[in-house]
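One chain, chain A, links the two complexes that follow: it is found with chain B in the first and with chain C in the second.
Coming up: the complex of A and B.
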């Protein structure tokens, strides 16, 4: 078969590939992907260290928790809301879980530790969901409020301090790795943490939910036009409620993943990450007004932000400049798509050729 | 509900109506059929909202596969009646008979199960989803599925799209389609829900004439498939063209139900408004030796080219043409929303450069846009604020602060002069009816001393009575020495309102006409043909 492939079919295949790429990636996603490639090439040329195996592994590992939070932000933003409490949910769930496991002297499987943190996250998410769905309050205000409440419980009621000695199961899981990548020139090595499997699992489940369930299409429908969603027969209140339950559950898992990877339990340092997560999701082409966005885009956005801070380190740029460049990236990245929208409105249809 | 599902009752009658899929799914018992000719019979429907009687015992009968027109001015109770039939509002009194089954109250689901589908004015489509998903999603939800099969979605959408000749790609995003295409998507969606009666709430408001013709073709085709249509409209020519029978409501009461063949235009207007209008033409009294506005060889890339005309004070000049003929672009160029790239504009004989709305206003040119709802008003702001907003800079007192007394004086002056129906100008503009909103937009411009006022589709979506009132206002404004340009594809309007008509075609002015020398049919032919 391959022997007989003529030039015509080859260009046909090329066309199909281009069309396929254009079809797979929406415009914003394509731009982000190209920016990532450009950034990687630049840093590689300047430092020669970027494409080393251990650096790639480092980047993947540092994307794990942000990408999990990215899923949280994606689901909520697609439904037309905005959630700033998922890091607080994660902090409270993971801290409570670690504390309970320690005080009971738990020495079973890490699975139950995740299950517990996920359940706690789900309960906290349900609080958000109940207020938002049944009292019909604005999501930003509600989650700003619950973020404060959750952090208050964490720092006040639980009197949270850093826990350096985490339960054995969590410690072991944090140590486990899929493989070690060593850089032959520098001799540095990096571990690909097993936590990446949890991320992959969450991505697959979320993808399935959003793409292949009526519930998931309801999330998009509500984000597009909530009134029309009611008329189409979607159980809008229930979907809204369950969105925040699911987001709480994912946040709970993300929180414990963080504990495993750091091998200590720092109650407050996740806070503040939510805005960067939301920014990277929007950078990945997820519409801030709701109704559109993909997991691929979210991953691209997260990757770009992560690679950005990683490469600035490699180029020897001081860390406080990272905030500057990340901010710039967000403005330019989201600004370009906004400008295109304006431009497409201004363009006149051709009418003279009748 | 569960019990219902188990006991499936068969109609005892031999000529039972066909069982729809939803009837099967939900096991709705088909009871005795009293009269098989009607899909819908509503009798003595009453409904009040907070003491206001919206419907005072209204009746409506629609035969199977009949195209029935429901007409009436805004606020006559049309929308309330539709919402009662579709189960959104509960009726206070009266009876609804769907396909022979009597209801004294009905839920939205029961209504859907009987095949009643409403296509609302806003179409209720999801702008962010694809065409195929928009078409198939509600039936997927209604049949209580949990998982989406994209193959099934595609199949359902393809079938429905064939029935309405949907030209749009099933994979395109609905937000990028034209209004007509969105409407076809909404109709397709109604069809796959086993529609037997499709209610269309003013479906032609945002359509061009050609699109209306396509819609009518679709409606006729649906009829041939046994689907009844309730067509809500207040446009006479449409009622004549499409419907077999009509019902007119006024102030929540039946005025008349009859065969359309026995209806004429004067009676129609009378039934709608309860008023008789003289058929009149506007005779202009141009004043001044030189034109108040003159345009020479104006051009805009991809918009229009070599447009020259002049407007004298006291004239109402109509610019008409098909959608895409460049008429809207011309208006926008005169007001600086788009910048013309050729030619020149003179106001009062002085050449002016207009590249922004601010400059146009400074020259004394005002513009009332096509879509008054999104472009002309701050809907959530008070009516009064909307009226004075364009001259707020002139209503200041000491230290440049806003002089409240002058502001409220100005507001009440315009509310009175333009007869805006409101109890309190402090209420948001969105609480007004369409016609009154239009008057607020007019007031907003007239409160600045304008020389030329450009109106784009001034009575689109406005009912006959208000339309007449707006025309009278415009005529009296012209008599006070204002130059008015009306852009409209409503030919009867152009003929009765304007003193001169310019026809645009493919971006060029193709002719100037005197309304008294041309009939509506001739004008239509000039717009379309060579």
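Coming up: the complex of A and C.
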């Protein structure tokens, strides 16, 4: 205790300021929020188009699917794992759903389409979960393997090609919108897709699960220290298994949301997005070693990445800089998080070193 | 074991002895025999030909070199997901050097000099890229998975920016001639490059102190630190080796494809990790042998060639096969190797 207070008085004023701000946000969330503000201001000054109503709506709309995937990555990373297969799960479940609905001539409500895609996602997620939880295998390698299997099934066994004519229910839902934002100067308008409601629903459910259930506390406990979680009486295997089931379910919904929003079913263009999603989650302050992370942070991270790619276009930077900036953001985001971890270890009293 | 040495040992005795000494390696030998046997039943006429074996010897070195790099990093308990990115970035810089320094009327000696220079530059690029990875992992302290996931995007991004996303063709013919040549008409140059580097890595692991040090680091990082190992330097070294091996893989790939591009071989990452795991390297670190790796490379190459022999089977089934084999191998190992171990590893 003495060591703690000693460290505290050294840089009192600055610490007090940071602590005051940290009252509203956790530290990395604050940095990300400030970066977003700086980025938005720069783009607004350079292009004058950023804060137009239609651009803001555009950004929100292009955040919908990445944020759903962000929930997937968030839950897994908080539990101390890493999942690179959720885009494959999403692709396979949305393609199979669309195909089945088309071949049966389905013309009911869009709800059942989502339910079906979610169920397929849940089954695929359960495959991940079973292998990871019951064989205690490394998550990255398992999900790399299942990613290969799922994509192999999609492109090999199902011989997936783009489907341009999606079922009517999906088409109608994709066309529905909450409101239209029009830019008075350019005359361009953007629709706020109803899919944003699904995102809000998923966020609320995930928030509730992580924050207010024993299951959610277990996810954080496993990420913090799996051995301690076992000792504390958490059913670690079952929690791990259910994590991947839930992630599969969310991925299935995200996949079909994508179909609704694009109005066509493109089997492969979600693949590769997982890296961006992981980047945004890590940028949002989710601890890379597991055990901590918030949905707010994830949303900030997703917003930053989305705004960045949106701004590259507005600033007239060619799209082939995208990979470079993504990589840079992953490294900077994880780097800050890693250095903070090192710093926090240094602040702890050491008993091992002489 | 005296009697087996004196009387002529049967094959079964030998395999049993190998199994006692190194069960991973023995399993791989059995697996390879099984694969060869199945092929002998299914497609003997097409598979067991000189031409097929030669063409396989052209195909696997590039993947093998990448897998070798990943193996070193995995022995230390890390992983290198950026190998493909480094390979492409190196081959692109080499291609640019060759294209810009070779005038159409250049003499043979001039071209050769430029080709050598270009290869040198490519290897330097691999070295620097590897050092960046090493620095991120050892000094900044980012977990290897995330650091190399990020640097993969970074290297690929740089490659895309340099080439504007286009492929670089028009390499000097001399380069592709050398890269696709076969010594005495039998042994392909890529195979020789691979074998030389395999031997070098083998020596590094067996005959220098670097080997035991990285096994120790991978097995127990805390113990390694308190034994006075310079962990930062070891990690830098390992990721640098991985970078250099990747750049050589990039050079081989460029000769084989006669072009360089930022997004060649993206599917190799999965394949290489499969090879490394199949070869007995543990993702937690501390284990892994050159022999196992070589056998794993061969087994997968055999499988891949056989899949190619069925023209109506889509190439995407390979992805399915790799994923499935990776999962099955890990589950199999769980039941055999880890059966005695229980409890939770944090």
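Rule of thumb we're sticking to: the second predicted complex is superposed on the first by the 314 of 354 C-alpha atoms of A that agree within 3 Å, B and C clash if a C-alpha of one lies under 4 Å from a C-alpha of the other, contacts with A are read in each partner's own complex, and residues count from 1 in each chain.
To be clear about the criterion, contacts are C-beta pairs under 8 Å (C-beta built on N, C-alpha and C of every residue); 3 or more make two chains touch, one makes a residue touch a chain.
All of these numbers come straight from a predicted model, not from anything done at the bench.
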item	value
Combined model on chain A: chain C and chain B, fit or clash	clash
Partner, of chain C and chain B, that touches more residues belonging to chain A	C
Touched partner set for A:271, first chain B, second chain C, both or neither	neither
Partner chain(s) touched by A:123 [first = chain B, second = chain C, both, neither]	neither
Chain B versus chain C as contact partner of A:146, first or second or both or neither	second
Touched partner set for A:225, first chain B, second chain C, both or neither	both
First (chain B), second (chain C), both or neither touched by A:313	neither
Contacts of A:115 with chain B and chain C, given as first, second, both or neither	neither
Touching partner for A:82 - first (chain B), second (chain C), both, neither	second
Common interface positions of chain A, toward chain B and toward chain C	225, 227-228
Complex contact set, residues of chain B against chain A	120, 122, 124-129, 133, 137-138, 140-142, 145-148, 150, 300-303, 305, 324-326, 329, 506-507
In the complex, chain A residues that touch chain B	211-218, 220-221, 223-225, 227-229, 231-234, 287, 290-292, 348-352, 354
Partner chain C, residues of chain A touching it in the complex	82, 131, 135-138, 140-142, 144-157, 159, 225-228, 230, 236, 275, 278-279, 282, 288-289, 318, 320-331, 334-335, 337-339, 341-342
Parts of chain C lying in touch with chain A, wherever the complex brings them together	79, 136, 140-143, 145-147, 149-158, 160-161, 164-165, 269-270, 273-274, 277, 283-284, 313-314, 316-324, 326-327, 330-331, 334, 338, 343-346
